[in-house]
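Several structures are given next for inspection.
Each of the next two complexes has subunit A plus one other chain: subunit B in the first, subunit C in the second.
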Partner chain A sequence: MAGYFKKMFTALNSVLTGMGITIKYGVNPKAEVTQQYPEVKREPPDRFRGKLFVNINICTGCTACARICPVDVITLKTVRDENKKLRPVIFDINNARCIYCGLCVEACPVDNCLYFEKKYEFSAYTKEDLISHFGLGEAQSPGKKAEEKTADVTKEQKEAAQ
Partner chain B sequence: MTELISRIVGGLNTPVFLTRFLVTVLIMLVSGAIVLGISLLYEGLATYAERKVAGDIQARIGPNRVGPYGLLQFVADGVKLLLKEDIIPFYADKWLFILAPYIVFTVSFAAFVPLSYSDHIAVANLNVGVLYIIAISSVVSMAILMGAWGSNNKWSLFGGMRAVAQIVSYEIPIVLSLLAAIILPASMNMRDIIVYQGGGLGIFRWLVFNNPFTFLAFFVYFIAAIAEVNRTPFDIPEAESEIVAGYHTEYTGMRFAFFFMAEYGDMFVVSAIATTLFLGGWHLPFIGGISMPLWLRDVLQVAVFFMKVFVLIYLMMWIRWTLPRLRVDQLMELCWKYLTPIAFFNLIGASVWVLLLHGRGIYDIIARIIVH
Partner chain C sequence: MPAADERFMQVNMGPQHPSTHGVLRLLVSTDGEVLRDARPYIGYLHRSLEKIAERVTYPQFTPFTDRLDYLASMNCNLAYAMTVEKLLNIEIPRRAQILRVIMAELNRISSHLIAFGSFSSDMGAFTPFLFGIREREFINDLFEMTCGSRLTYNYIRIGGVSQDIPEGFIGKTREFLDYFPAKIKEYNELLSYNAIFIKRLANIAVISTQDALDYGVTGPNLRASGIPWDLRRSEPYLIYNELDFNIPVGKGEVGTVGDAWDRYMMRIYEMEESSRIIRQCLDMLAPGDYTAKVSKVLKPPAGEVYVRAENPRGELGFYLVSDGSTKPYRLKIRAPSFANLSIIPKLARGVMIADLIAIIGSMDIILPEIDR
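Right after this comes the complex of A and B.
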C-alpha cells in the first residue's frame, strides 16, 4: 500500500518537474534559438571552407594544387612569358566536383594565393555555371591559343606598369 | 433568433403545422451552421496554436511565413489537404473506409450542442447534457474501429484496437469523476450546473473548490480526458514510432483532415466540460455583481468561458510537448489501478460530503464561520 502511494507521488513529481522545465521555454519568447536564414545570415567560422578562390596575379603556375587534387577539380595550363616566368592562362576550378578537402590550399607555396572564401551560396542552373574561371587569358581573349593569350596578358601588365 | 425565424416563416401564409416544421428545421440549420463555422475556425486556429506552442517549448519559432505571424498557415494547410490525391486502398472495405471519417467528425461536432456558452447562448438546452456528451463521444471509438478495419492494414487495425481499448477503459474514470461533480447541483443540464456555481466572487463556489473530493475529481477527469481524446502521452492509437500512424495510416487528403479536425474538436469539448462542471463555466469573476447591459454581460460571459477553455487546451498542449508516450500496459495500469479506484473513492467521498453537509461547500462553511 505504501508502495502504491509512493509510486503515485513519484509519477506526479516527475511529471511536474518536466512540465516546469518546458514552461520556462514556453513562456519566454527570447529562448528561441532559430535564425531566420535568408534574412539573418550567420558569420561563418574562421577556418570555414567555402568556395575556392585564386589570387591569379601572384600565382606562380607551379601546378602543385592541380597535381595534389584527388578529384581533378583544377584545370591548369601555363605558358612562359618573355621573362621566362610561368603564367597561368587557364585556371578553372570545377566547384561541382570539389570535396573541400583543402589539400590544394595546403600545397600552394605562395601565401594568400589559393584559399577558401567564406562564400557558400553559389548554386547554379547548369554544371558549366559551377566552373569558375580564374585564368589570366580567359577574361580578355576567350578561345585564343595559349601563346596569344600570354602575349595579351604580358602586354596588359606592361601597360598597367606604365 | 427563434423569434426572428418565426416572424420570417410566419409571413409566408403557410398552414400551422408546416410553419412549425419550417421553424424547427430553420432553427436547426442556422444554429448548426453557426456552430460548424465557429468550430471549423477554432480547429484551424488550434492547429496553428499547437504548432506555435510546440515551437515555444522547443525553443523554435513555429509557423511565421503565411500571413502576419503565420496566422494564415491553417488556411494554406487546408487548401493543401483539399488538393491532395484521395487514395482509397484497393483491398479496403470501401463503405467502412469512406464512412468512418464522417462519423468521427460528425460525432465530435455533435458534442458541441449541449454546451452552455453564456447565460443566454446555447445551441440546445438539453436536460441530459452531460449524459448526452458521454454517450455521443463513445461513438468515436466505433467509428475509429470502422476506419481501422476498413483500411485493411495491420497498422490501422492495431491502432483501432488500441483506440477502442483506451477509450472504453478511460470512460469509467471520466464518468465516475463527472458523477462526483454532478451530485452537488443534482442536474445534468449544463446551464443548471453553471448556475449552481454562481456567487462567491465568481471563483470560490466553483465545484472544483467545493470539497476535497471534487478537487481530486477534476484532476482525475482531466487526465482521463487527455486519454479519451488520444493525445500524447496517451497517443498509443497513433503512435508514429510503433504503428506508423495508427488508425488513419491509409487516409489521405480531406479524409485525414476530418480525423485531424475531430481531434481538436474533441479537445475543445473535453475542456468545455471541465470548465462547465468544475471551473464555474461562464460566471464572471469579481465583476459579476456589477449591473451592466445584457448584451455586454453575454459577450463577457462568452469571453470568460472561452478563456477558461483555452487555458485548459494550452495545458493539454503543454503536457503533449513535455511528456513521452506511455506503453500499452502502463496506460492500462494507470487507468485500472490508479484512476478508477481514485474516482470511486471520490464518488463515495463526495456523496458522504453531500449527505452530511447538505451540499454546502468549503467556501460556504468558512463564510458561515466568519459571519457568526
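Right after this comes the complex of A and C.
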C-alpha cells in the first residue's frame, strides 16, 4: 500500500515538475524566441550562401566555376574578342538547380567576380524565371582597325595607279 | 511480398506517416492491437548517390555527402574527407583537425537535439520538440556564420576545412556551452524522468547484447545495449585520443539494459559529453593553417580504402575504390541507419501498435541515409 502511494507521488511530482517548466516559459516574456519573419527579417551573416551573383565585367571567362559545379548549374559560353580575350557571351545560372555548396565561388580566381548575395527570397512562378542571365551577349563583329583601313586604301591606290 | 494471411490485417504505416522520420513505409500485419510482423519498404528517397560518385570528381562529391544524413552533414563530410585523405596520404594541419572535431561534435549535439525532440513528439509530448529546436537554432547560427549554410554545410573538405572560423565564433560557442547544461537539466525534468514517459518506454523493445552485435547495430543504440563501442575511443581518428570524455553505456536505469528508454537516454548523455569535448577543443585551438595544401585536380593513386567514423547515428563507412583517375571508380556507403533499421522487424514482433512508434523513434533512423 505504501509503495502504491509512493509511486503515485513520484508520478504526480514528475508531471508537476514538467508543468512547472512549461508555466515558467508561459509567463516569462523574455523566453520568447519566435521571430516574426515576414515583418522582421534577420540580417544574414557575411558568409551567407544566398543567390549567386556574377560581376560579369571582370569575368575572365576561365570556366573554372562551370567545371567545378557538381550539378551543372552554370551554362557558360565564351568567344575570343578582338584583343584575344575571352568574353563570356552566355553566363546563365540556374537557381532552381543550385545546391548552394559554394564550390564555384571558391574556384573563381578573380576577386569579387562570382559571389553569393545575401538574398534568399527569390521564388518565381516559372522555372525559366529562376535562371539568371549574366552574359554580355554576342559581340558586334569587330571592324577593321584604322591602320588596316589606311593600308587597304594605299593598296587600292597603288593598284589603281598601275 | 508473401501471400497475406487472412487471419491478420495488412496495414501500411507510411510512407507519409509523421512518426516515420521521413518516408519509411512499414507494412505491418496486425492481429487486433498486436503486431505479427512489420516489414520496412525503403527506397522512396533513392537518389543513387553511389552512382553519382562515379560521375563526379573527388572534391565535387563532398556536397553530396551533406545529403546523406542531413541532420549531421558535418559528420558525413568528415567521414568522406577522411576517406579521400587516406587514399591520398595527406597530413592534416592540427588547427584543421581541432576545427573538425569542434564542428563534428556541435553537429552531434544538434542531431541529438532533433532525435530528442522528434522522439518526444512521437510519444505525444510536443513541447520538448520546440525546446530542442530552440537550442539547435544556436548551433545553426554558429554554423551559418562559419560556412554560410544552416543545413547542408559542405564545410569539411578534403585536406582540412573550407575556411577558418570567423571572428566571434569561439565566444559564441562558449556562450552556448555555458547555457546548454541548464537546458539539458530542463529536458530531464520535463521529459526523461517523467513518470508517463518512463512507463511508456521502460522494458519496451529490448535489444540484447547479442542481437545488437548480430544485426550490426551501431552508435547510441549499440551502447544502450551495454557495449562501450565508440569509434572515437576504440579506433581514434583526428585528435580524439587526446581528449577526455566518457562513453555513456546503457545501464537499465528504469528497466532492462537496452530498452527504448536507455536508447533515448544515451543521446542526452552524449550531448553532455560532446559539450565537454568542444570545451577542451576550444582551449586547444592555436593559430595555424586551416587546410593542407591540396592540388585542385585530385588524382589519388589506384587502390582501395575503407574508413569509418562515429556519426550521431552510428558508424558511417566509405569504401572507396580508385583507378588512378580524377573520379572514384566505386564508392560504397555503409549507412548506420540502414543496419539499425534492419533490427526493427525483429523488435516489432508481438508488440502493440503504439509501441512500434516508440521503437522507430528510439532507433533514431534517418531515411536519406538508408535510401541514399
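Side notes on the structure shown:
Criterion: the second predicted complex is superposed on the first by the 134 of 162 C-alpha atoms of A that agree within 3 Å, B and C clash if a C-alpha of one lies under 4 Å from a C-alpha of the other, contacts with A are read in each partner's own complex, and residues count from 1 in each chain.
Basically, a contact is a pair of C-beta atoms (placed from the backbone, for glycine too) under 8 Å apart; a residue touches a chain by one contact, two chains touch by 3 or more.
What you see is a predicted model, and the numbers here were worked out from it, not measured in a lab.
Aligning the shared subunit A places subunit B and subunit C next to each other free of steric conflict.
When the shared chain is aligned, no partner comes close enough to touch A:Ala96: not subunit B, not subunit C. Applying the stated contact rule after C-alpha superposition, one finds that A:Ala124 touches neither subunit B nor subunit C. Looking at the shared chain after the overlay, A:Ile58 reaches neither subunit B nor subunit C. Looking at the superposed arrangement, the partner reaching more residues of subunit A, out of subunit B and subunit C, is C. Touch criterion not met for A:Val110: it reaches neither subunit B nor subunit C.
Using the contact criterion defined above for the overlaid structures, shared-chain residue A:Ile23 touches subunit B, although it does not reach subunit C.
When the shared chain is aligned, subunit B comes close enough to touch A:Glu32, but subunit C does not. Of all C-alpha pairs linking subunit B and subunit C after the chain A fit, the shortest spans 5 Å. Residue overlap on subunit A between its contacts with subunit B in one complex and with subunit C in the other: 15, 18, 21-22, 33. Looking at the complex, you find that subunit C touches subunit A at residues 56, 59-64, 66, 127, 134, 137, 141, 144-149, 152, 154, 162-163, 166, 186, 189-191, 193-196, 296. Those residues of subunit A that touch subunit C in the complex are listed here as 10-12, 14-15, 17-18, 21-22, 33, 44-49, 68-70, 99-103, 106-107, 116. Contact residues on subunit A toward subunit B in their complex (touch as defined above): 8, 15, 18-19, 21-23, 25-27, 29, 31-34, 36.
For subunit B in complex with subunit A, the residues that touch the partner chain are 53, 55-61, 318-319, 321-323, 338.
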